[in-house]
Amino acid sequence: MANSKFEYVRNFEQTDSLLPNTWIVVRVDGRAFTKMCAKYGFEKPNDRRALDLMNAAAKAVVTDLPEAMIAYGVSDEYSFVFHKSCNLFERRASKLVSTIVSTFTANYVYSWPICFPGTPLSFPLPTFDGRAVCYPSLQNLRDYLSWRQVDCHINNLYNTTFWSLIQLGGLDNKEAERILAGTLAAEKNEILFSKFHINYNNEPEIFKKGSVIFRDYELVDPDSHAVALEMDDLAEPLQQSKTQVEKDKKKRAKARVVVEHIDLIKDEFWDKRPWILSNKPGKVPKEP
Amino acid sequence: MANSKFEYVRNFEQTDSLLPNTWIVVRVDGRAFTKMCAKYGFEKPNDRRALDLMNAAAKAVVTDLPEAMIAYGVSDEYSFVFHKSCNLFERRASKLVSTIVSTFTANYVYSWPICFPGTPLSFPLPTFDGRAVCYPSLQNLRDYLSWRQVDCHINNLYNTTFWSLIQLGGLDNKEAERILAGTLAAEKNEILFSKFHINYNNEPEIFKKGSVIFRDYELVDPDSHAVALEMDDLAEPLQQSKTQVEKDKKKRAKARVVVEHIDLIKDEFWDKRPWILSNKPGKVPKEP
Amino acid sequence: MANSKFEYVRNFEQTDSLLPNTWIVVRVDGRAFTKMCAKYGFEKPNDRRALDLMNAAAKAVVTDLPEAMIAYGVSDEYSFVFHKSCNLFERRASKLVSTIVSTFTANYVYSWPICFPGTPLSFPLPTFDGRAVCYPSLQNLRDYLSWRQVDCHINNLYNTTFWSLIQLGGLDNKEAERILAGTLAAEKNEILFSKFHINYNNEPEIFKKGSVIFRDYELVDPDSHAVALEMDDLAEPLQQSKTQVEKDKKKRAKARVVVEHIDLIKDEFWDKRPWILSNKPGKVPKEP
Amino acid sequence: MANSKFEYVRNFEQTDSLLPNTWIVVRVDGRAFTKMCAKYGFEKPNDRRALDLMNAAAKAVVTDLPEAMIAYGVSDEYSFVFHKSCNLFERRASKLVSTIVSTFTANYVYSWPICFPGTPLSFPLPTFDGRAVCYPSLQNLRDYLSWRQVDCHINNLYNTTFWSLIQLGGLDNKEAERILAGTLAAEKNEILFSKFHINYNNEPEIFKKGSVIFRDYELVDPDSHAVALEMDDLAEPLQQSKTQVEKDKKKRAKARVVVEHIDLIKDEFWDKRPWILSNKPGKVPKEP
């Protein structure tokens, strides 16, 4: 029985390859997480178990897809960054997005009982959507990550103050909102400190900075010759040989994937870890 | 602290809305399922538990997204069809694909222990990718579904014969392949019958036809006046009022989502269920 | 000398094929035509020479690209329609748009001295831009053309009244605008008739209806058997053999390309000319 | 009379904005120019009148669209480069491509009688198609231009030798082809010199290098402080204020647009003209 009569329908598939030589960010967002928070009783302003679960899911994505060079997460969102030279799935947008969202979701659901023991999932299950965005320059990419990290800070300072007013100050939502309307950062810090003896600077880094996931190699002295050499690889041509790609993949598989809560906005993070931007695996640190 | 300095990165997001007034098919495919089959010992040529799990995950998608009007699954793939008038997520491709893949994956992982008791999942977890394709005409859409169902038949007849030769006939893979090379359907039927007393027609419908998921309303006499009226809605204009959309959504929520193993190629299926193509909820059948 | 070092830049070209089985409309618009009108002293509200030039340019497009099945023009815009089965330039948007805009522009500039004798062109020359839009259903396509023709009518009635008030009534622009603000069609008709003894119905059809360009075959009795047969070709499958495509192309080359000022909104136009929608060349009418 | 019933067709237009912060190249190509060459008797291997006409048309494009920062032409093709910060037509691909192709075509047809006096155009008129491609990095852009200029050289050396063999050597096409098959550049140079006493290096620069069009400002010492300052503007943020954009536009309008035949591959061209990459108008040179 021939299938040829119907096979013409294949011609309706349209290519969606992302522009070569651009940094790809795939951002995953929780769907209807406000409802989720209520349903499972997430703590306010931050639920450590929920963040740990997000991080576990994101770590699994970075582990399963070694082409993901860095990931940044805050609240119910996670951004995965692919190097501008990356050719994974021929850079097809739907393939990249769906694979990452699926891997993230699978691990989120699978690891739920570990982070929320005693709180079983029920239908409808937690889900995520995703999108891919291209950034042509390194500056654009770093500005994207800075944007997310600044957002984390702004929201966390607001939420910390808001929920302190409610949980410690006994206000209701509307009163808290009114007090905070139009306040600057310094004023929120002041409210926290004067009313509740909370020094915002002492809040946990995971809440203030979000979470950064990457492969851990030996840190590098930014002024060293080695870095200059590595960074040369940022120049074109970008196409690596298949052998080199495979070799690098194996090296990456050996590296430890770590989750840190650390500043991505300043140069320091990037200068010390040139392997991230050069897309060349670094030196695996010696076990202590 | 202002975020405006970095916010320009938003401008790099590009729209990916699918052409209005076209049928949208989102197809979900298992990633590396050959490995999966080996890892978890799926039975050959068909593993009923694996198909039940696929169906459970797909049923959850149709239940959670009432806009999905019909779904068709075979092996490790599932196609979800959205009506040409559907405006879900403003028809953004990445949003549609990622949401469906995420919902599918979440339910696959969550329901795994029910379908595979005693076979716990391990890393890397099963994942799926997805893509969206637009079909401008109803004929194109039906040809797409026919293509998948014919494919199901062709593959199943081949696989049933192939694995009979191995499991019952004691051949190895290469011998079985050689015997089947270039054979027609009739010849495969003959091999099954003469060598192994298997009448292919008596094989389970789920293996021969795959699985069809839809909302179950009262069947309709295709010649009736009601159908003619319903089908008029296939004509333009397609924009429904928001109230009507909400009303229909509620009606759909009440309908039972069923999984059947049934022919989609001939007209009969469609003629009896005009609500599928008209995108208007049918009559909920009385409880027996 | 090898070019291979640089040839990688080819990979940055991205495909832009339009969805198969959809009607393609390429609309060409005059750039900065308000300035053009002033610069070359176009008559108000309609300049017959300018319209004749638009029609000459559009006729050349339809003649040079026999795949253009119908074109509709009004003011400084022209829409060219390609059949849903058309595979010209593999349906690449930029190729279609640029070729049509270029052919249109070349003929506009070339034929200028014929329509505007004594008014030589000067820099910057008149130019046009263009875009391609896909319409999945015949109804969508006809609604598009109706939209343009209704627009023609609305604008022409307004402009005719507006310029009568100025040219015949001695008002200035602002006064004329104020009088017309919020008026219905009937009121504009009334102003024309009572103040200036102009019966709008007697205005030239080219101003009221715009211009329609197509290949002229023998008109057909819409109820005839032949039409039913032809219209069957609107059904799938749409892929014609290459031989048939070539044959049809030759037949089309023989047909006369005509410019008419005629209603496209009602069914009559389409019913009498089934060859337009069937995309099969009709019968060339006998010379009188 | 309301147009709203049909206006929904507007929703079928899809956006085609090019990725921000990437260099845009719009390449225009002659359609069926082999036929054209034969029809109008273009000289072989290069027709100076035809190249002058291409250059006149391209110069008009650069003059009319000051956002075009540089253009490169060879044979029947021309590439127009827009700065990565350019926001002309909101970077809509079809608008950019169609406008450039239209302006090019209008000027080509208009200026034909000047370059080809005594050879009137006839139907079908010469036309061009076009496409837009984005290049994320400056290296990619320069590699694109180098690719075209190397292509110019390769083709011109081949064609010069090929037509010498025919026009001076009395061979026919096939014989000439056979002799050249597989030859290296040095061998072609040798054939030219030994057989026809032609020193390829002495061929006109326009044939060997193609044509480069840009705005002419005072050349700059590449090592100067000024250059370093200018090039800083290559860094982000790229959004200029509207006032600055307007100011720059006026400055550009004053600059002379020049056509040169000059090497684009080496750094020298770019180093001496930092205004091209910085997208800031340079100093208008004093009249001699």
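Descriptive notes on the structure:
A, B, C and D label the chains in the order they appear, each numbered from 1.
Note that in this section contacts are C-beta pairs under 8 Å (C-beta built on N, C-alpha and C of every residue); 3 or more make two chains touch, one makes a residue touch a chain.
If you want to know which protein each chain is, UniProt gives these names: A, B, C, D = tRNA(His) guanylyltransferase.
None of the values given here were measured: they were computed from a predicted structure.
Farthest from chain C (tRNA(His) guanylyltransferase) in terms of Cα centroid separation is A. The angle needed to superpose chain B (tRNA(His) guanylyltransferase) on chain C (tRNA(His) guanylyltransferase) by their Cα atoms is 180 degrees, rounded to the nearest 5. Between chain C (tRNA(His) guanylyltransferase) and chain D (tRNA(His) guanylyltransferase), two chains of identical sequence, the interface residue sets overlap for the most part, with shared numbers making up over half of the total. Chain A (tRNA(His) guanylyltransferase) and chain D (tRNA(His) guanylyltransferase) have centres, each the mean of its CA atoms, that are 43 Å apart. Taking the mean of the C-alpha atoms as each chain's centre, chain C (tRNA(His) guanylyltransferase) and chain D (tRNA(His) guanylyltransferase) sit 32 Å apart.
In whole angstrom, the spacing between the mean C-alpha positions of chain A (tRNA(His) guanylyltransferase) and chain C (tRNA(His) guanylyltransferase) is 51.
Shown for chain A (tRNA(His) guanylyltransferase) are the residues in touch with two or more other chains, namely 8, 12, 14, 19-21, 134-135, 140, 143. Touching chain C (tRNA(His) guanylyltransferase) in their complex are the following residues of chain B (tRNA(His) guanylyltransferase): 19-22, 84, 134-137, 139-140, 143, 235-236. Within the complex formed with chain A (tRNA(His) guanylyltransferase), the chain B (tRNA(His) guanylyltransferase) residues making contact are 1, 3, 5-9, 12-14, 16, 28, 31, 60, 63-64, 93-95, 97-99, 101-110, 121, 123-135, 140, 143-144, 146-147, 150-151, 153-154, 185.
On the side of chain A (tRNA(His) guanylyltransferase), the complex with chain C (tRNA(His) guanylyltransferase) involves touching residues 8, 11-12, 14-15, 17, 19-21, 237, 239.
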